[in-house]
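Paired with chain B in one complex and with chain C in the other, chain A is shared by the two complexes that follow.
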Partner chain A sequence: MKRVALVLVSVVFVTALAANLIAPAGYEKQFRDSPNARPSRQFPLGTDELGRDRFSRLLYGSRVSLLLAPAAAAFATLLGATLGLVAGYAGGWLEGLILRFTDLFASMPGLFLLFTLRAILPLNVSPGVSVCVTFSLLALLGWTSGARVVRAAVIQVRNSNYVLQARAMGCRPLRVLFIHIAASLRPVAATQFWLYVPVFLLAEANLSMLGLGVTEPLPSWGNLLSELQNYRAFLEAPWLLAPAVLLLIVLGSLQFLFADREVGQ
Partner chain B sequence: MTVARFGRVAVTALSSLILPLLAAGFLATLLITLAPGFGVDERELDNRFSAEGVANIRRSMAPQRNVLISYFSYLKGVSHGDLGVSRAFDRPVVQLLKERAAVTGINLAVGLSIGWAAGFLLASSGMLRRLSALRPAWVTCSGAMLCIPSALAAFAVVVMNGPAGLAVAMAIGPRIFRYADNLFRAGGRRAHVLCARAKGLSDYRLLVNHIYPSALPELIALAGVSVNIALGAVIPVEVFCDRPGIGQLAWKAALGRDLPLLVNITLMVTAVTLIANRTSDMLIRALGRRAL
Partner chain C sequence: MKIIFLFLALFVPCAISQTANQLRLCLRHDPKTFDPVLVDEDAGEAIRYLTAGVLIRVNRKTQGFEPELATSWRISEGGRRIVFQLRENIRFSDGSPFSAEDVVFTFKRLMDPELHSPTGDSFRSGTGIILAKVESQSQVSLRFSAPIAGIERLFDQVAIMSSRSPQKEMAGLGPYLVSDYKPGSYVALNRNPNYWKKDTAGKRLPYIDSVRFDIQANRDIETLRLQRGEYHMISALDAEVFDRLKTDPQLRTMDAGPSYDNEIVWFNQVQRAPIPEYKKTWFRSRTFRRAISGAVNRADIARLIYRGHAEPAAGPFSAANKLWFNPKLNPDSYNPDQSIQQLRQEGFRLEKGKLFDAKGNPVEFSLITNSGNKPRARIASLLQQDLAKIGISLTIVPLDFPSLIERISRTFSYEACLLGQVNVDPDPNGQMNVWPSFATNHQWNPSQKTPETPWEAEIDRLMRAQSTSLTFELRRSSFNRVQEIACEQVPFIYLVTKNSLVSVSSHLQGVTVSALRPQLYWNVELLYFDNLGPKMRAQR
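Let's turn to the complex of A and B:
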């Protein structure tokens, strides 16, 4: 099953990356003669009310979601790992301060805080900036669990023999921290990264479906799904669920691939 | 417990609840004062005001731009039950929250009850030999449901014409199932449980007398966390199901850039989350002491 999952994720990922080559049209190209068209050879998933090809938008939207969610996950992992590393190694008041700060962020409801931060941003941002802002906010609010996990791992490692030996040989604290300790934390950081990716994909989908994530005309899985707000349209056009199917395939495959790391919990 | 110890516990519990709230309130005030357009009066653009008049208006708005002054005046208002006025709705925030709290409360109660009941019962059924054949189906279903955004679950509920709480349950249930299933399976592998099974204890008695008690602290912790998950799910659910609750209010406030309302909602939800987590922490500690 893991191989099937790997193939599925790879196919979706490669297809999304090659959107320029595969997509029959650009994501904002309008076919004004055929708005709300049903699926056909020319438009495999039909067109939206502005006459844009849904299949092309799905391909470009997959690229936005599949490239930026891992980027945000990498940023959140880096942020959490750095803070966890410093807290675990330094101990004392610095550890206490970082932990309290982490607790404060963790106790604030993520989606509500995202709304607040999103509302503060200027209205006249370009779609490209809105994408970056959405995923950056996700990363800025999602690092807390990583910081706690990395801190716990550092506490286990900081008194191990190789670290004590490195210190005894005169290694400077920063070298011990970033060369010796950080190197042993790679598996922990990788696990955190793969736990973040599905969480951020889902969060982006929720935010964009509510009209507060990636803005038009740039597509993403979330804002493509926002067409479902008119649920009567779905009853006549069930192919509107195509982004949800892709989301299910990618997240389901990630669950299979990282079942031992409990993706989604 | 002596009075001094009780006092210490009460002070610790209160400080762990109030200090994060005060800090969150300060962060919120900071965000509001940094927001574009904050502290600017539209009268400044009115040509009928002289330069001196505009300067007076700016002077009168100056204290609002100071984070500390704004923060303390906000705290003073909160102590009198005044959370300010919503810009988008032009009504007191307290009034708006009071009107909508009941709807959200019902959605949360229904969602948490159904989610917990389904997750817990299905995870328990996996430990019974007669029903364990169904476990792969539950694992697959819960895995699939974890891949669905809450907004899409809400959409499914709208199509089925079901209660909004069901969509919240769809967000909670799979997580409860996964976590409880892992806990119960880990409990089932413990030496004393294997020994009891070897002695011929029935599955029901194993579950009730041995596996549930050992999983209880983690389940209580999960109960605290599940409140937070449910609160996160309630926004898209209320928006898509068109229920006039606090989630929908937060969404409207975000679209209308109504920061005073948004910040108050965020703080209120933070307080609920903190209370749920602290309550579960205290219950776990009480259980630990009883076990000792």
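Let's turn to the complex of A and C:
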């Protein structure tokens, strides 16, 4: 099952990366004489109401969603793991400070922060920069759970024999922390990373439905999924479900990979 | 037993709503107030329309004036005085009699500076106040400090209140009265037993016993319940929903032609706006604005975004406005080549598909619009591609509504804006907050101390002239010229006028769709269900 999941995720990633080679048209190209077209040889997944090829938009949209979500997940994991490591190892007032800081971030209303950020961003930023900023903010708001998990894991190992031995041999605290303890926490961090990826993918999809995520004409799974807000539309045109199916495949495969990894630990 | 109870709970309410003589429809949100003097939003206006009696009513179909509580009126002293002859033997919903004193009481309350009545604002011309005087038990006069052109239409908004009723503002003279209100859930209205109007057969109106407004912000649920027969009417439909409802045999789904709602784009021309000077120079250039207007394919917007249920727009009023529409105006035809020519004359040059101004700055700007509005996002995408054809790079920025309003009305930190223009008043006086240079909704450059351009000075003069001229011809000629100047100078680039798309239960009879609000129930007292029509009511 793991192999199937790996193959599926790989295929989706590779096709997304090669979107400019595979896609029959540019994602922004409007075929205004063929709006809302059904699937055909020219338009494998039909066209949207502006006449844009849905297949091409799906390929380019996968690129945006699949590259930025893991990048944001990596950033959130790194930030959370670093703060969790320091808090768990140092203890005392520094741990208290980091924990309060974590609580503060966890309690922030993310949606309103995104509204505010969009409002204060310069207006002439390109859609690409805008989407990068959106994912960065998702990462900045999403690291807190990882920090708590890593801190708990560090507390468990900080008095273990190998750490005590390292300290007894004169290792400096930073070396103990980032070489000896961090190495043993790699599986925990990896688990966090794989948990973050689908969370950020779905967050972007939700933000796009609110008009806050990826802006026109750049496609993403989120703004492609927004066409499904009208449930009757996909009863009449089931090919509109393509981005949802792709999202399910990727999320399902990631879950399989992640579940397998967790069992393996 | 449980199954029977569940069955009753699920189906009996539906059965009752189907058989009772009750009109059911939706409000988007709760009414802020039931006090007719303080109403300033759609939901409150809907309740006021159904519960209030007015002196003069604007017929939503003919757009002419009709006597209601006043049987006749006379304007004198150069438009400064109006005398109403009142209908006699009329009672409020609580039984208290209607007289000239109630009209005087209403106007005193309307002009009370403590109340800040939005309806009263419409009457405040000049610095003086209205003097309302009882001439006799059935005659009342109102005197204004300055003439008000087209004053009759203002009385359509003035709900006459009882000076004696212990129920105060809840006692009305309209066809219905508020019987129940559950915030966030519904507003129920029952027929006013003392309503004065009768049909041609002498039967007391209205035909329908009660009206129930459900508070429902979700349009999908509203549509679904209309299809299930739980609601009887819905207006301002999306083109997509319209096409879907059109095939439902239980509904009469109609395209009632142009509405009063336009989609517009404008450029920020505010002198102190925090945007680069060279961009201000573009935006303040008439040639630049005209070139942009000519590069927009309005027909495609109407066809692709509104599925043909919209028309290219040329000015503030569409053909729906029978009195003030200027038929001489035509929307700019789509001609990107001509736009490029116009821009070249202004010193712009096209190099490798990109447009540069005379100083070598690439022509690119951002367009803000409100987020979450799908048709508007689509229009922005079409504009983006249309402008790319003349070498202009457009960045679309959807913003939440408060941020957008902050930018267009306070900080002026934006370059171009795409929004809708909703005209609720068919009279040009309703545009006094838009066209004069001192107006706050003069969006491209609001609240100017003195007009910054000669054509804005000319518009100021013409708007003042139309607001004080007492003959329709003079007013029309002034406002026609305003529309022509707007068309020449394009401070607003009018894109399309949306059509009024509505759907009504096929059981509901007597509905005549109007472009003016309320579009579907403006003649509510004459509506009836085909199984409980006037004849059946007469038999009952």
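We adopt the following convention: the second predicted complex is superposed on the first by the 233 of 265 C-alpha atoms of A that agree within 3 Å, B and C clash if a C-alpha of one lies under 4 Å from a C-alpha of the other, contacts with A are read in each partner's own complex, and residues count from 1 in each chain.
The working rule: contacts are C-beta pairs under 8 Å (C-beta built on N, C-alpha and C of every residue); 3 or more make two chains touch, one makes a residue touch a chain.
The structure presented is a predicted model; accordingly, all values stated were derived computationally and were not measured.
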Next on the checklist: Looking at A:Val12 after the superposition, I want to know if it touches chain B, chain C, both of them or none. Which is it: first, second, both, neither?
Outcome noted: neither
Checklist entry - Looking at the overlay, what does A:Met108 touch: chain B (first), chain C (second), both, or neither? => result first
Next on the checklist: After the superposition on A, what does A:Gln30 contact: first (chain B), second (chain C), both or neither?
Outcome noted: second
Item to check | Touching partner for A:Cys171 - first (chain B), second (chain C), both, neither | outcome: neither
Item to check | Contacts of A:Leu247 with chain B and chain C, given as first, second, both or neither | outcome: first
Checklist entry - So, does A:Arg118 touch the first partner chain B, the second partner chain C, both, or neither? => result both
Item to check | Greater residue coverage of chain A in the superposed arrangement, chain B or chain C | outcome: B
Next on the checklist: Contact-wise, after the overlay, does A:Pro217 reach chain B, chain C, both or neither (first, second, both, neither)?
Outcome noted: second
Checklist entry - Which partner does A:Leu50 contact after superposing on A: first (chain B), second (chain C), both, neither? => result second
Item to check | First, second, both or neither for A:Ala205, with chain B first and chain C second | outcome: first
Item to check | chain C-contacting residues of chain A that also contact chain B | outcome: 115, 118-119, 123, 210-212, 229
Checklist entry - Considering the complex alone, what residue numbers of chain A touch chain B? => result 103-104, 107-113, 115-120, 122-123, 198, 202, 205-206, 209-212, 222, 225, 228-229, 231, 234-235, 244, 247-248, 251-252, 255, 262, 264-265
Checklist outcome for this item: So, in the complex, the side of chain A touching chain C is made of residues 28, 30, 32, 35, 49-51, 115, 118-119, 123-127, 210-212, 215-217, 226, 229-230, 232-233
Item to check | Partner chain A, residues of chain C touching it in the complex | outcome: 220, 240, 244, 300, 303-305, 364-366, 368, 371-374, 377-378, 380-382, 384-385, 395-400, 403, 406, 413-415
Next on the checklist: List the residues on chain B that touch chain A in their complex, please.
Outcome noted: 20, 23-24, 27-28, 31, 34-36, 143-144, 146-152, 155, 158-159, 174-175, 178-179, 182, 228, 231-232, 235-236, 239-240, 250-251, 253-255, 257-259, 262-263, 265-266, 269-270, 273-274, 277
